[in-house]
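First subunit A sits with subunit B, and in the next complex the same chain sits with subunit C.
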Partner chain A sequence: MKRILSSVTDGKGFDIGLVVLPLGFLFVMSGLPLVYNVVMSFQEVDMFSLGSFVRPFVGFRNYVDLFSQPETRPILFNTALFVVASIAGQFAIGFGLALFFWTNFPGASWLRGLFLVSWVMPGLVVGAIWNWILSGDFGVLNFLLRETGVIDGNIFWRSDPNYSLWAVIIANIWLGTSFNMILLSVGLSGIPKDLYEAAELDGANALQRFWTITLPMMRSTIGAIIALGLIFTLQQFDLFAGITSGGPNNSSNVTQYWAWDLSFRQYDFAKGATISVIMIVFVMLASVVYVRSTRHEVRG
Partner chain B sequence: MDIRRYAILGTVALGTSLAAFAASAEDVTINVWSLDRDIQPAPNLIKDFNKLNTGIKVEYRQIQFDDVVSEAMRAYSTGQAPDIIAVDNPEHALFSSRGAFLDLTDMIAKSSVVKAENYFPGPLASVTWEGKYYGIPKATNTIALYYNKDMFKAKGLDPNKPPQTWDELVETARKLTDPAANVYGLTFSAKANEEGTFQFLPWAQMAGGSYDAINSDGAIRALDVWKKIIDEKLASPDTLTRSQWDSTGTFNSGNAAMAISGPWELDRMLKEAKFDWGVALLPVPEPGAERSSAMGDFNWAIFANTEHPAEAFKVLEYFVSQDDRMFKDFGQLPARSDISIPETGEPLKDAALKVFVEQLKYAKPRGPHPAWPKISKAIQDAIQAALTGQMSSKEALDQAAEKIKAVLG
Partner chain C sequence: MSDQFRNRVMFAVALLLAAIYLFPLYWMYITALKTGSSMFATPPKFLPSEPQWGIYAFVWESRNMGRYLWNSLVIALGAVSLIAVLGVGCAYVLARYRNGWVDIGLFLILMLQVLPASLMITPIFVGFSQFGLLDTPRFAVILAIAAKSMPFFVVLVRATFMSVPMELEEAALVDGNSRIGAFFHIVLPLARSGILVSAILIFMQAFGEFVYSKSMIQDIELQPASVGLNSFMGPNTNEWNNIMAYATIYVTPIMAAFILLQRRIVSGLTSGALK
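Now for the complex of A and B:
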C-alpha cells in the first residue's frame, strides 16, 4: 500500500496518472460518442428508439440508401469544393497579411490584433451580416461591384445556384483569414533573423529569400494550419444556416449541414450519423497531417 | 440477515410509504412545456390557473422552437416526458401515430368545454390520426395576399379590386413591377425549409394537388406560375433564400407591391408601412375554383405516459375555456370558428383580420403524416430545382413524388 502511494507521489505511478487522466477524459468525452456515432450508422434509429442502445442492426443499409439518393454526390462535391476553396483563400490572404505585418511598420501589432475581431465574432452573427452583404437587391457587395463597373446587373449570391456555394465560401474566407494570419505571424517571428542577414550578404533577392528561407522554415506551421483549417472548415455550420440554408436545391449544401438537417430536421438520426462517419474519416486524415507536422515542435 | 438489517429495511420501507402518503395529500403536479415566452399565452394562463387552487399545480418550462421535437423525443424515450406539451401542427402526427400522445377522443366527447365542432376543420385535422383526436388546437394562422393600395392607384389599378385568380395575380404583378424604382410586383418565400412548403402547398391544393399527389397537373401548373413570377423577375430571385418575415419586410419598405404572408406581420406592418394597404384571399387558379391556404401554429397534447391523464385534461380544458382571450391579450388567433375576433380599433388591422378569419376556413394542415419533415424536404427541393431552372416543373415534381412515395411506403 505504502509502496503504491509513494509511487503515485513520486515515480512511475505519477507518470501513469498523468497519462491516464487525460486519456480517460478523452475516452469519455470524445471516444465514446465517436464509437456511439459509428454504431448508430449501422442501426435503424428513429426518435423513439433514441433513448435506448438496443436497436436493430441493418448492416450497411444506411450507407447504401445514402449513396442512392440523388443529392448525395453533389453535396459531397460541394463539401470538397468548399474545403479546398476556403482553405486556399484563407491561407493565401492570411499569409499575405502576415508577411505584410511582419515588415513591422508603426502600429503593425495593433492592426494585427484588430484583425482578430472577425475570428472572435460568433458564426451566426457573421452569417446574418453576410446575409445582408450578399443580398441580391440591396446588398453592399453588389453595390460595390456595380459602382466599380465589374458587373452590370445584380448577382443573386444566395439564390443563384451558380453562386450560392461561393457566397458561403467568401464569408468563410473572411472569417478564417485572421486566424491563419496570427498563426503564420507566430511562425514567421520564429525564423532567426541572421538567416536573412546572411542571405542578403550572399546577394539573395526578396523572392529568393522567401522561397529558400521563409517557406522551408515555415513548413511545420503551414502543415498545422492547413490541417486545422480543414477541421474548422468541415465544422463550419453557422454560415450555412445564416446565409443559404443549404439552398437553392442543395446547391450550397455540404455534409456537415446536411447531417444536421437529416438528424434534427428530418429526424433521420441514422443517416445523420452515417454522414458524420464519412466526415470522421476525412478529419482523421487531417489529424494525421496535423500531428506529423507538429511532431518535432513537441520534441522541442 | 441479522436483526439490524431488518430494522434498517423497516425504517426505509416506512419512510417511503410515509413519503408516498405525504405526496398524495399534496397537489397533483402537471408539467407543461411550450415555446411561449412571458408575453404569450401558456405561462400567463398557467399563472391564472394556479391561482384557482384546484388541487392541481401546473409547472411550466419554456423550450426553444428548434428544440421542441428533439427535447420531447428525448424526454419521452427516457420516461421523463412532461404531462402536456405544445407541438407544431405538422409534427403532431409523428407523435400520435406512435402512440406517444394520449387519445383524447372520449374525454373530448364527455367534455362540456372542449367541443370538436367549435374548431376550424384544418387545425382539427392536424390533431386527428386515424379518426381519433390526439390533441387540441392551441392557436392557428394562415397566409393571404397583402397589397399596397397606393401602388395600385399609382399604376392605374383599382385598389379595391385585388387579384382574384392566378392569371390576374401575374398580370397585376407585371403592372406593378418597376425595376427603375426597385419595386417588385410580389414577394413571398420559397426558402429551403418548412416555409417554402408552407407557402407552396396551398397553391398545389387549390389546383387539386396534394402532398401525396404532388406531381398532379394542378400542382405542376402551380409551380409553373411560381416559375413565371421568378423568371420574369416579378419577384426577387432572393425569394429562394428569404424567410417570409424578411420577404414581407421588403413589402413594408415599399420594395414589393404585394406580399404573401400571415397575420403575424400585422403589428410590424402597422408600424413600418407608410402607405395604405389591404389583405385579400389567396388568388385561385380560375374563378370559382376550390380555395385553400396554409395552416400554421401549435397544438396541445398530453403524453401517453402521464400519470394524471384526467388532471392534465382539466388543465387543457382551462386553456380552452380561455380561448376568447387569445387574440385580445396575446394577439394570437384561436383555432375556433365560434369565437369572433374583437375589434382592435385599428381599421387596417380589423379589415385584415376579417380576411384572415375567412381564409382560415379553407386552411389545410400539412399532412398529417408522421414523416412530414421528409415529405416537406422533397417538396422544398422540387420548388427550388424548378425555380432555379435546373429542372422543369414536371421533372422536379415527378422526382419529389418519387421521394414522397418512398416515404409513404
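Now for the complex of A and C:
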C-alpha cells in the first residue's frame, strides 16, 4: 500500500494517474457513443424503444432504406459541393492574404491577427449576420452586386433552390478564411530567406520563385491545412441552422445537418445514427491524413 | 524615405482588406442601431441617421437575455473547469515522454478531436437519456462539450509544456522535491500563461456552442444564448435590428476579450494546431 502511494506521489504512478483519468473520461464520453452509434445503426429505434437497451436487430436494413430514399443522393452531392467549394474558397483567399501580409510591414502581424475575430465568434451569430446580409429584397450583398453591375435583379439567396447552398458556402468561406490565412502565414514564415536570395541572384522572377520555392516548401503545411479544412467543413452545423435550415426542399441540406434533422426533427434516431456512422468514417480518414502530415514536422 | 512610403501604402491596403473582411461585423453593429423602417431602405444607409441606442435595453428586457447569458456562462465555465482539471495533467505526460504509448495516446486524442458534434449528438442524446443525465440538462451539455473540446485543449497545452525546459524539473527533483511538488511548484507556474490562453480559447468556443444545447436542453429556463438567438430567428422574421442587437450584446464581450489577448491567442493557436 505504501509503495503504491509513494509511486503515485513520486514515480511512474504519478504519470499514469494523470493520464488514466482524462483518457477514461474521453473513452466513456466519446468512445462509447461511437460504438453505440454503430450499434444503433443496426437496430430499429423509435420513440418507444428509445429508453430500453434491447431493441430489435435489423441488420443492414437502415443502410438499405437510407440509400433508397430519393433525397439521399442530392444531399450527398450537396455535401461534396459544400466541402470542395468551401475549402477552395477559404484556401485561395487565405493564401492570397497570407502572401500579402508576408511582405512584412509595421503593423502587419497585428492586423493579421484581427482577421481571426471571425473564427472566435459563435457560429450561430455568424449565421444570423449572413442571413441578414444575404436577404433577398433588403440584403446589402444584393445591393452591392446590383450597384457594381454584376447582377440585374435580386438573387433570393436563401429561398432560391439554385442559390441556397451557395448562401451557406459564402458564409462558411468567410468564417474559415482567417484560420487558413493564419496557418499559412506560419508555414510561410518557416521558409528560409536565403533560398529566395539565392534564387534572386540566379535571376528568377517573382512567379518562378513562387512556383519553385514557396509551393514546394509549403507542401506539408498545405496538406495539413486542406485536411483540417475538410474536418472543419464537415463539422459545420451552426451556419445551416442559422441561414437556411437545409431548405428549401433539402436544396441546401448536407449530411451533418441531415443526421441531426433525422434524429431530432423526424425522431428517426436509427437513420440519424446510420448517416452519422457513414460520415464519421469519412472524417476519420481525413484526420489520418492530417495526423500524418503534421507528424513528421513535429519530429523534424 | 521610399521604404517608409512603401510601408505606409502596404499598411493602408492591409487596413482596406481588413475593413472589407470585417464588414459583416460592422453591418451587425449598424443594423442594430437602425429604426424599423430605415433598416429596409433602398439604397441601404451605411451610417445610421438616428441611432436607436435604447434598443439594447429593449432587447435585453424583452428577450430575457440575462437568463440566456447566465446559462451560457454556467455551461462555458463548467466545461472549461472540467477540461482544465482533466486535460492539463494529460497534456503534461504526453509532452514529457516520447515512446510508443505516448504516440498511441496522441493519435487517439487527435482522432477524437475531429468528431463532428452534430454526428455525435444522436448516440450521446440516446445514451444520456437512458442514464437519466437529461434530467440535469446543463450538466449533460457540459459533459458533452468537455468530451468534444478536451482533445483540442490537450494538443494546445501539450505544445506549451514542450517549451518548458525539462532540466528545471530535474533540478527540482534533485533538490528533494517529489514529482507532485515539482509539478505544482515548477512546471505548472512556468506553463501558466499558455494554459490560460488555451482555456480562454475553449471558453469562447463553449460560450457559443449550439448543437448540444439545442438538442439536450428543452427547458427554456436553462437554454443558453445561442439557442435563444435561434428561437428569436423565425423563418420569416423581419425584426433584424432587434436580432442584430441581440447578436451585438452576445458577441461584443467575446470580441473585446479576443482583441485584448489577440497576440497570445494567435501564437498559442498556431503552435498547437500545426505542431
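What to note about this one:
The rule is simple: the second predicted complex is superposed on the first by the 268 of 300 C-alpha atoms of A that agree within 3 Å, B and C clash if a C-alpha of one lies under 4 Å from a C-alpha of the other, contacts with A are read in each partner's own complex, and residues count from 1 in each chain.
Basically, a residue touches a chain if its C-beta (ideal position, glycine included) is under 8 Å from a C-beta of that chain, and two chains touch if they have at least 3 such contacts.
Since the model is a prediction, treat every value here as computed from it, not as a measurement.
The superposed arrangement places subunit B and subunit C in clashing positions on subunit A. In the overlay built on the shared chain, the residue A:Phe264 is in contact with subunit B and with subunit C.
Look at A:Phe25: by the touch rule set out above, it reaches subunit C but stays clear of subunit B. In the superposition on chain A, A:Asp160 makes contact with subunit B only, not with subunit C. With both structures placed on the common chain, the touch criterion links A:Val45 to subunit C but leaves subunit B unconnected.
With both structures placed on the common chain, the touch criterion links A:Asn249 to subunit B but leaves subunit C unconnected. Shared-chain residue A:Val140: touches subunit C; no touch with subunit B.
By the touch criterion stated above, A:Gly89 is placed in contact with neither subunit B nor subunit C. Looking at the superposed arrangement, the partner reaching more residues of subunit A, out of subunit B and subunit C, is C. Of the two partner chains placed by the overlay, only subunit C lies in contact with A:Val120; subunit B stays clear of it. Once the two complexes are overlaid on the shared chain, A:Pro70 sits against subunit B while remaining clear of subunit C.
Of the candidate stretches 114-122, 240-248, 294-302 or 312-320 in subunit B, only 240-248 runs into subunit C once the two complexes are overlaid on chain A. Residues 50-51, 135, 137-138, 245, 264 of subunit A lie in contact with subunit B in one complex and with subunit C in the other.
Within the complex formed with subunit B, the residues of subunit A that make contact are 47-52, 70-71, 135-138, 156, 158-161, 164, 243-251, 261, 264-268.
Considering their complex, residues 66, 69-70, 73-74, 76-78, 94, 98, 100, 182, 191-193, 236-241, 250, 255, 373-374, 377, 380-381, 384-385, 387-388, 390, 399 of subunit B touch subunit A.
The touching residues of subunit C, when paired with subunit A in their complex, are 6-7, 10-11, 13-15, 17-18, 21-22, 24-25, 27-28, 31, 39-40, 42-44, 86-87, 89-90, 92-94, 96-97, 105, 107-127, 129-130, 143-144, 146-148, 150-151, 154, 178-180, 183, 201, 204-205, 207-211, 214-215, 226, 229-230, 233, 235, 240, 243-244, 247, 250-251, 254-255, 258-259, 262-263, 265-266, 269-270, 273-275.
Within the complex formed with subunit C, the residues of subunit A that make contact are 9-11, 14-15, 17-19, 21-23, 25-26, 29-34, 36-37, 40, 45, 50-51, 53, 97, 100-101, 103, 105-118, 120-126, 128-133, 135, 137-138, 140, 143, 147, 174, 177-178, 182-183, 185-187, 221, 224, 228, 231, 234-235, 237-238, 241-242, 245, 256-257, 259-260, 263-264, 269, 272-273, 275-276, 279-280, 283-284, 286-288, 290-291, 294, 297-298.
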